[in-house]
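Chain naming follows the written order as A, B and C, and within any one chain the residues start at number 1.
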Amino acid sequence: MKAYFALFSARFRMLLQYRAAAIAGFGTQLAFGLILVMILEAFYRSGNAEQPLTQAQAVTYTWLGQAFLGMLPYTANPDPEVRDMIRSGAVAYELALPLDLYTLWYARAIASRSAPTLLRCFPLLFVAYLFLGMTLPPSLASGAAFLVSLLAALFLVSAFSVLITVSLMWTVSGDGIARLLPSLVFLCCGLIIPLPLFPDWAQGILNILPFRGMADAPFRLYLGHLPPGDVFAIVAHQLLWTLAFVLLGKWLVGLGSRRLVVQGG
Amino acid sequence: MTLPVVYCLPVPQIIVENLVKTYQVAERPIGVLGGLKALAWPRYKTVTALEGVSFSLESGELVGYIGPNGAGKSTTVKALTGILVPDSGRVEVMGRIPWKERVAHVARIGVVFGQRSQLWWDLPTIESFDLLKEIYKTPTPKYVQTRDELVDRLSLSELLNVPVRQLSLGQRMRCELAASLLHSPDILFLDEPTIGLDAVSKLAVRDFMRVLNRERGVTVILTTHDMDDIEALCSRVILIAGGKILSDGSLSSLRAQVTQERWLIVDLEEQSAPPCGQDFEIVSQQGDRFTLRYQPAQTDTAGLIGRIAAQCSVRDLRVEEPPIEEIIARLYGGAGK
Amino acid sequence: MKDLRDNFRLYLLCIALSLRGQMQYRASFFLYSLGQFVAIGIEFIGLWALFHRFGNLKGWTLAEVALLYGMANVAFSIADTFGRGFDTFSGLVKNGEFDRLLTRPRPTTLMVAAREFPAMRIGRLLQGAIVLVWAAIALQVHWTIPKIFLLVGAIIGGACTFIGLFVLQATLCFWTIESLEIVNAVTYGGTLTAQYPMTIYRPWFRYFFTFVIPLACLNYIPVSALLDRQATLGVPEAFPYFAPFIGVLFLLMSLRVWKFGERKYCSTGS
């Protein structure tokens, strides 16, 4: 366990050094947030009916989405290093380590999902709160519930992004399939439009799918759109899916590494 | 009536006079605050890459251009190939100022970077060749002739239809050489052409360069860290360090500039006493092999050999000049001071 | 003129070569195209859902916005295919490969543009085209020659604008190769912006994408004319027909800036 933690923290500290990338990310996400907010505001001004999310809530939801975008596997290639290792055959070195390959990649994924986000989210949230209409959580309890379920979201997202990486063991240039996933994830976790704005009949399916746990659920806890008491059910939902992804990932890594050994890397 | 006498002095093909180039390098910030500060107000320091470099080359020379990393080698080569505009000084290649007439200039030169490929990775070599023909607008008959000649010289016929990614490093380097010569340039710049190659490929590349230079009269400028390349090929060596030319001449004059010493290599019988004396130094001992160094100006070679033969039981011995690496290392060391 | 023809020929040759290279990985090629097709389609679902909730967007219907959406995506995918070499230019500067391009007796813009031709971007093109066709049918546009000119011209002009943006982004690499992703805010952000009627944005933002980067001229204004809507940006009636030339002009201007950057690169070295 200590070894994995050491790997995690080494990688975490390395990623914290990419400040130039963080500044660029901050600027890009600020711009995208601005555009999305303007579009949403225009829609809110156009429709008169009562909506499941107030305009102010939708704006805050959007800024949260931009702030924590880096946490989601937003490219077809969430961990380029592992991909390159698989392609070049250098993954054999990882197999030679006296460590469990899945846990190793999982630790790495947690670092990759958290460190860049940590660098980017604070300035963006700060600016959005001061100037761009973002609001604070309605109560301390909502804020706490948000943080707890955000942490669970990190574990969920990491388990999922390892799955994408592992799938590259089979398709030599499997970018095609891997490319589908991010946009699907984006749609189903609320990054394209807030989930409550989807048609009512879609809500049931979206609630069961794992993706809402990656962004939508924590965000709605933040807004108080879901009462803080729901946090237990939400975290249970997140962790259940995390477990499912981990088991599937472990199984696939076992299968894949046997393949690699047979091929000789 | 007397006719005016016209002296046709050969104009050098490459003239470099008092070349100066400085770079502005951003200072590396420290810490988060430093990083932010550097983004807003970057601070630069000036680094001098070339401090008044001058030399000239005649057509058909084969020159080694050597120096430690950061000495200014690549800056010079960049100025000569028209990629870089120097701060001051004159560069003229075949009567042109490279960076002023870049397109016309580069059509007459060839460049090989040993560490980077110019061939299309996923396609057979011949496709890249055909593309280069188009890039350089070479007329078809001339292209076919040059290509076939190069294919023959470098034994590429079996490699032409193999995708480049499947070629070995040595095979690829031969293809790279051919690719740089398809447009029959007058001058060829070679940057580390033998890096990473096995012994056989190295020899093949060197042989080819020699032929190219002698038979076709192509001027070759070779930058390398491989002193065997230099020793095998270059009649002239220009050594640059710290942005200044330290030496320019034949390899033997370069040696002479550093030291006159000779090395005596002695193989002794097993139970022999080690050599000892006042007028030489032991450089190294490997098993029964002793390497001694002495100054022929002070110590008579025949006398030294005689004394050692009397002192120890000698199986074999020979006299050599110190290896070129040693010479270069000393020159670099001197430049560092 | 002969130079221009020569350069064009070389460009086509490079594209042909690049295609043959890509065809070596046929399966990957099709999967990638399919991936792009679906990925962009998913974005459209978001648009549809918003209309499902709100009914209209400042008086624009889903089909009308879909026309904007389709045109923006078609134009962007064309630009992404032809200007990809500029989009990935920072890598070229980083690994020194640009120096090699400078040793070729051809314009650097040609050499950079000809380096990459990712035909798999066809997925996005196809998706945009399908939305476009659907929108045109749903709106029952009465096609006349001027309207076809508007559509084709706007797409070409839009593509030129996006390529121009890629060129400007690449030009920045002559100064710095750090934090360049920030330019995505303008290129990808611009695509997102162009998918909606310009009037929904705040004035300063609208002005930026009309006068600084002329995207509005190549999407919102021609589409308004196409739909016989009054474009509320206060432009003369004949203006939309000149719009494509603005895109071409923007591209030409970007290429000039590139020349300037290249000279700067050669005099500072990096």
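Everything below uses one rule, namely that a contact is a pair of C-beta atoms (placed from the backbone, for glycine too) under 8 Å apart; a residue touches a chain by one contact, two chains touch by 3 or more.
Keep in mind that what you see is a predicted model, and the values were worked out from it rather than measured.
Geometrically, the chain at the heart of the complex, using CA-atom means, is C. Highest C-beta contact pair count among chain pairs: A-C. Ranked by distance of CA centroids from chain A, the top chain is B.
Work out the mean CA point of chain A and of chain B, and you get 52 Å between them.
Centre-to-centre, using mean CA coordinates, chain A is 29 Å away from chain C.
Chain B and chain C have Cα centroids separated by 46 Å. Of all residues in chain B, those touching 2 or more other chains are 39, listed in ascending order. Touching two or more other chains at once are residues 23 of chain A. Residues of chain C found to touch two or more other chains are 179. In the complex of the two chains, the chain C residues touching chain A come out as 25, 27-28, 30-36, 38-40, 42-43, 45-46, 49-50, 52-59, 178-182, 184-186, 188-189, 192-193, 196, 200-202, 205. Of all residues in chain C, only 6, 9-10, 13-14, 17, 20-22, 24, 95-97, 99-100, 102-107, 179, 263, 266-269 touch chain B in the complex they form. On chain B, the positions that touch chain C within their shared complex are 21, 23-24, 39, 49, 75, 78, 81-85, 99, 102-104, 106-107, 109, 111, 113, 116, 118, 120-123, 127, 131, 134-137, 163. Of all residues in chain A, those touching chain C in their complex are 20-21, 23-25, 27-28, 30-32, 34-36, 38-39, 41-47, 49, 51, 76, 171-180, 182-184, 186-187, 192-193, 197-199, 202.
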